[in-house]
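One structure is given below, encoded as structure tokens.
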Amino acid sequence: MGMDSVIRVDYLARVEGEGNLFVEIREGKVSRVEVGIFEPPRFFEAFLRGRKYYEVPDINARICGICPIAYIMSSSRALEKILQVKVADELEVLRRIIYLGEWVESHVLHILMLHAPDFLGHESVLGLVKDDPEIVKKGLKLKSWGNRVMSVVGGRSVHPVSCRVGGFHRIVRKEELNTLLKDFQTVKGHARELLEWVLNLPIPSFRRDMVFLSLRNDVEYPILHGRVVSNKGLNVTENEFENHITVEQAKYSTALRYKIKDGSTYVVGPIARYNNNYDLLRPEVRDVVESHGYGAPLVNSFQSIVARASETYHAVLELEELIRDYREPKQPYVDGTVREGSGAAITEAPRGMLYHRYELNEEGYVVNANIVPPTSQNLAAMEQDLIMLGDELTSLDPVKAQWLAEHLIRNYDPCISCATHFLRIKYVK
Amino acid sequence: MSKLRVAVYKFSSCDGCQLQFLNMEEELLQLTDMVEFALFYEARKAVEPGPYDVAFVEGAVSTTHEIEILKELREGSGILVALGACATAGGIQALRNWANVEEFKKYVYPRPEWIEVLEKVEPLSTYVKVDYEIRGCPVSKEQLLSFVLQLLKGKTPRLPVDSVCLECKRKGNVCVLVTKGIPCLGPVTMSGCGAICPSYGRGCYGCYGPMIDPRPAGLNELFKELGVSPKEIRLLFKQFTASAKEFREVHGGYG
Amino acid sequence: MGGNEGLRLLFDELQRLDYVIVGHKVVDGALRLERVNEFNELAVGVEDVQSPGRYSLVEGDFFRHGPDSPKKFLYPSELVLFKVSPDWSITSPDVKIDRTAFFGLKPCDLAAIKVLDRVLLNVDEFYTLYRENMAIIVENCTRPGNTCFCASMGTGPRARDSFDLAYTRLGDKLVMEAGSELGIRLLNALEVEPIDDVTYGDFVRVLNEAAEKARAGFEADNLPELLELKIASPVFREVAEKCLGCANCNMVCPTCFCFDVIDVPRVDGSAERVRVWDGCLNYTYAQVAGGHFRPDLWARYRHFVLHKFTYWMKQFGTYGCVGCGRCVTWCPVGIDLREAVLKLLRR
Amino acid sequence: MSKSVATLIPKPTTIVRVRTETSNVRTYYVKLPKDVELPKPGQFNMLYVHGVGEVPISVSDVDHRTGVVAHTTKFTGSVTGTFTYLKEGDLIGFRGPYGKGWPMDSSVGKDVVLIAGGIGLPPLRPVVREVAKDRARYGRLIIIYGARTPKDLIYSYEYGDYEAIPNTELHLTVDNPDEGWRGNVGVVTDLIRQADVDPEDSIAMICGPEIMMRYAVKELLKRGFKANRVFLSLERRMKCGVGLCGHCQVGPYFVCKHGPVFPLWFISKYFWVDQI
């Protein structure tokens, strides 16, 4: 590849939402990187103002069709803090069940349909079908099971309808959940095979010293609760989170990106959770991982697929236990008291920490809202990865270089629909 | 038989509707024997050039760039299908149609001057002729599949247009409105979802938009009798298909 | 015989005779007709409070019904008619129908079965098979509800025929009448005593009093002719002003039998045809390619009313309405069929 | 035996011929399945297209020798639209014949007046055949037929045959004539007004759009036809064809079962009622 050149991808494929990529190479060095977004702004925070608190989770679900549960849960939890609701344990279990269902669905979607084709040089999953139809079929079965978990608890898998502030609209019956255990042995087998398959993928080598941010609670692999921790020693509550990050504008781009106050970029998502909570993964998962020569931490963002597949297997194993031990709650939800106040919460979306903060007035209408989605937190890191990759990009022929750059971005499973309002909108021509 | 050449594209939206293609899991591989997804960014990198037999378009139109692409898609596709509430009625983002967009920009962005969007968020039909609408936020994967299979059969696709109540009763649910006084938009909302909200103990929030020949004003009166505040009634009608003409009857035109 | 104990014995006896039992259970805040495995699952200690557009359960010792009627079982809301494979072989799913005893049906629902018999018996195989394997235990209605008008329609509150066994709860006494061989067998097994004069007197009095409560203010005589004269009446338009056109009335009505057929193509090239409940209040009900025979809601509402009271009589020699009041209770806006009929008769 | 509703299950049969009538009308000749009785004039069948749906279509011709039955279908909606793909040799699902047909017996010795509009001619064609076959049994045959344009006239290739039937008149009219059109222009009612018929000694059979039938009936009544001499073939939405689905009710009557052909006197109480 020549000394001066650009890599331009006008429409990033196999990501959720509309993004583009711009890498400028001058004198053999990557001089400018932009992961841009042309997904138009949807102004969620703005139109949430004036809505009644109970509408917020359903409206927020529409930020992202791939991880609606994450949006529902982060906003419900933030609002519950204002209404001073303590959600009963059985309801927490049900929340975890539907959330894990979303992880399975979303992770398998990303692993198989969006990400894996990159490793094997296919332009889409259909290429994979030709090579290895079995793993695709098994993956689809697994994904469909994840979707079923969501549908059984939530009514449907995209924008489930049963969740609400304080819990659920009705109690999910034990028999309903038990239907999920019917083909459980197969599903469990598939999840394990998928992980093994991933561990055998040809993963490009790459190494960068990264800051990994995720929840951690010392009890269980984090989803709905925990402190915000990093591998570099950060350890704060979700309420304090906002004080430790900054919204920044880089010179070369007008896009907004999040960094830690000290100026470092950080990574959220499976790889961060995995690195910070490896000890809390099921032993069965760690066994498989370690028998393939992997472990923790993973410091190569191309290996995020390993974390994702590990979490998938973990999620399936945990779901079995949660469903088996499920006890029907006494009440479908816990009522709170409408009052003026503000509340913040973080939950672990499939793509990483999702932060929500709301202010309500005394009648329970939203007066202020702030949402920090995972993909916008990863943007700066993605760009930094691209810069790090510099030498390699410059040595490849343009087609391969472009592919590698895109691949790198897909490592983060960017969900641009969610990220949209943090990025600039002008379309780079 | 030659494959149906399909384009799947999106504008301002959440990706949830096009995701339903990928959610077809069990049927997906068989479907790809009959359908070629010639353009589908969420699923593949390669782009086959048009013309397409059918374009499924998710999302609302909110920038001039989107208008241009939409027009190109219309030109280049035999059949244009609006997929989901965003594409058929503007979707949730159309809530900003009742507000001052400049103020909205300032609220969300530190540099509002960079944000270029249209004054109003519109469904596809504002700009081009739409051949079919598949309702829902999101569209149901069963309906989407049925639609595609009907097309493959050469049939003018038909999806039900009557009330959610019908599906709700067929499913054997107890009416949440009559037993619990929960405000439910089922009696004026188009069926197709499987009446899932009432099945899960809550009222329908109208994500499929108005049914054929609905009576929203009558339902509004009933909600008032049930003691729901006028403001909350307006909000209920003003959600995922707020821009639908029949729902605007209740919550007001663009302010 | 003692109230609840007697019923338990009856229940057990039916199970001993290998009947699957369908009875009233409390589910989701309403009485539902569902399969019951144990006597204890049957609803007790509750009463349904019904009024136009409202339904709730409170504590009490007598209930009527919920949204379900036997139609739910005899004429399922969704039934696969057949499946056709890509090569045109047509198969009909084999349906397994259990010997089923309906326990504690109210006389209006029994009457509804009689109405459906006229329409479907020996016509619809599923229905017919179900009917042939079905036992009916009726509970006479000592306390009709606010939306009941069985007495006006001549269908209650006391069942006269077509049941296997009818019981009436009088305080802690149970009066039982056999209506078939099976009924006699059941009575014998239960070792009941012959009724004494005092109890019989009570029985007649209580049910007569009940009848007074279950009147709508009109009598069934000449209704078909009288209402037909009002075919052009503005009353239909007035009442339909409030109507939402949601077809809830059709769905809950124990006798509404209209159906639609949905074609479900499958990805493997096969297809199914599914019969689903439809109703005349639906917009598409009378729509045809390029036209519509009842585009206005009032015309659809008129069809509902006249079908129930006038046309049905000409078609099947019976009323289509049994006065159960479900369409009144389960109409979200509480449109009251009784009121509509009264208005039509008065004007 | 199946536990489903046997009457609603079609029998597959073969399309032996397809004939194009106009740009949006074709005739499908199907072999009657075994054990199915030959349809009588005015009856209809339910035709099922694989995986697509089922529609009622009148019998427009019967070959008594071969048991082939013709269905002339206009492509108006989602199911009929797929008829365009059906070709000779394809299978189609068949149920029927259903309904009460034209009053051939009470027409014996009388003049027969056929009035058709648009796609209303096909169900009347078997009457023409019947009269031609047994010419002596009936009086004069008067056919009045109207369509939108000359191109929409169905069976134009056999009008010569109609006129060749002894004692037969054919009157055609169109709403919008084209250059070559020499015939009448206007609605069928005009032709009824002018027709040389004897109301006392004729039977009128009408089929067409409902609005056209209303005008036609009014005109016939004006001309002195009694309500028991006028017969109409009605149309309604229809799902079953056997009086079960309810959709086709006109007042108390099921079009499929009590009709589709009704004597006017029989339905006159309902026929004029708005949106019945």
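Labels A, B, C and D are assigned to the chains in the order they are written; within every chain, residues are numbered from 1.
Here is the rule we use: contacts are C-beta pairs under 8 Å (C-beta built on N, C-alpha and C of every residue); 3 or more make two chains touch, one makes a residue touch a chain.
Predicted, not measured: the structure shown is a model, and the values here were computed from it.
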item	value
Chain separated most widely from chain B, comparing mean CA positions	D
Identity of the most central chain, Cα criterion	B
Whole-Å gap separating chain B and chain C, where each centre is the average of the chain's CA atoms	37
Geometric centre distance via CA averages, chain C-chain A, whole Å	51
Mean-CA-position distance for chain D and chain C (Å)	40
Whole-Å separation of chain centres (CA-atom averages), chain A against chain D	64
For chain A, residues that touch 2 or more chains besides their own	170
Shared-contact residues (touching 2 or more other chains) in chain C	28, 265, 278, 284
Where chain B touches two or more other chains, by residue	149-150, 153, 201
Full enumeration of touching chain pairs	A-B, B-C, B-D, C-D
Contact footprint of chain D on chain B as seen in their complex	149-150, 153-158
Partner chain B, residues of chain A touching it in the complex	11-18, 38-43, 45-47, 49, 51-52, 55, 58-59, 62-66, 68, 109, 113, 117, 123-126, 129, 133, 136-137, 140-141, 143-144, 147, 154-159, 161-162, 164, 168-170, 247, 249, 254, 256, 332, 406, 415, 417, 421, 424-427
Complex contact set, residues of chain D against chain B	50-53, 77-79, 81-82, 84-85
Residue ranges of chain D touching chain C (in the complex, touch as defined)	1-10, 12, 50-54, 76-77, 80, 91, 93, 209-210, 235-237, 239-240, 242, 244-247, 249, 251-252, 254, 273-276
Residues on chain B engaged by chain A in the complex (per definition of touch)	10-17, 19-20, 22-23, 25-26, 28-29, 32, 41-47, 62-63, 65-66, 91-93, 95-96, 99, 103-105, 107-111, 114-117, 137-138, 140, 193-194, 196-197, 199-202, 205, 207, 232, 235, 239-240
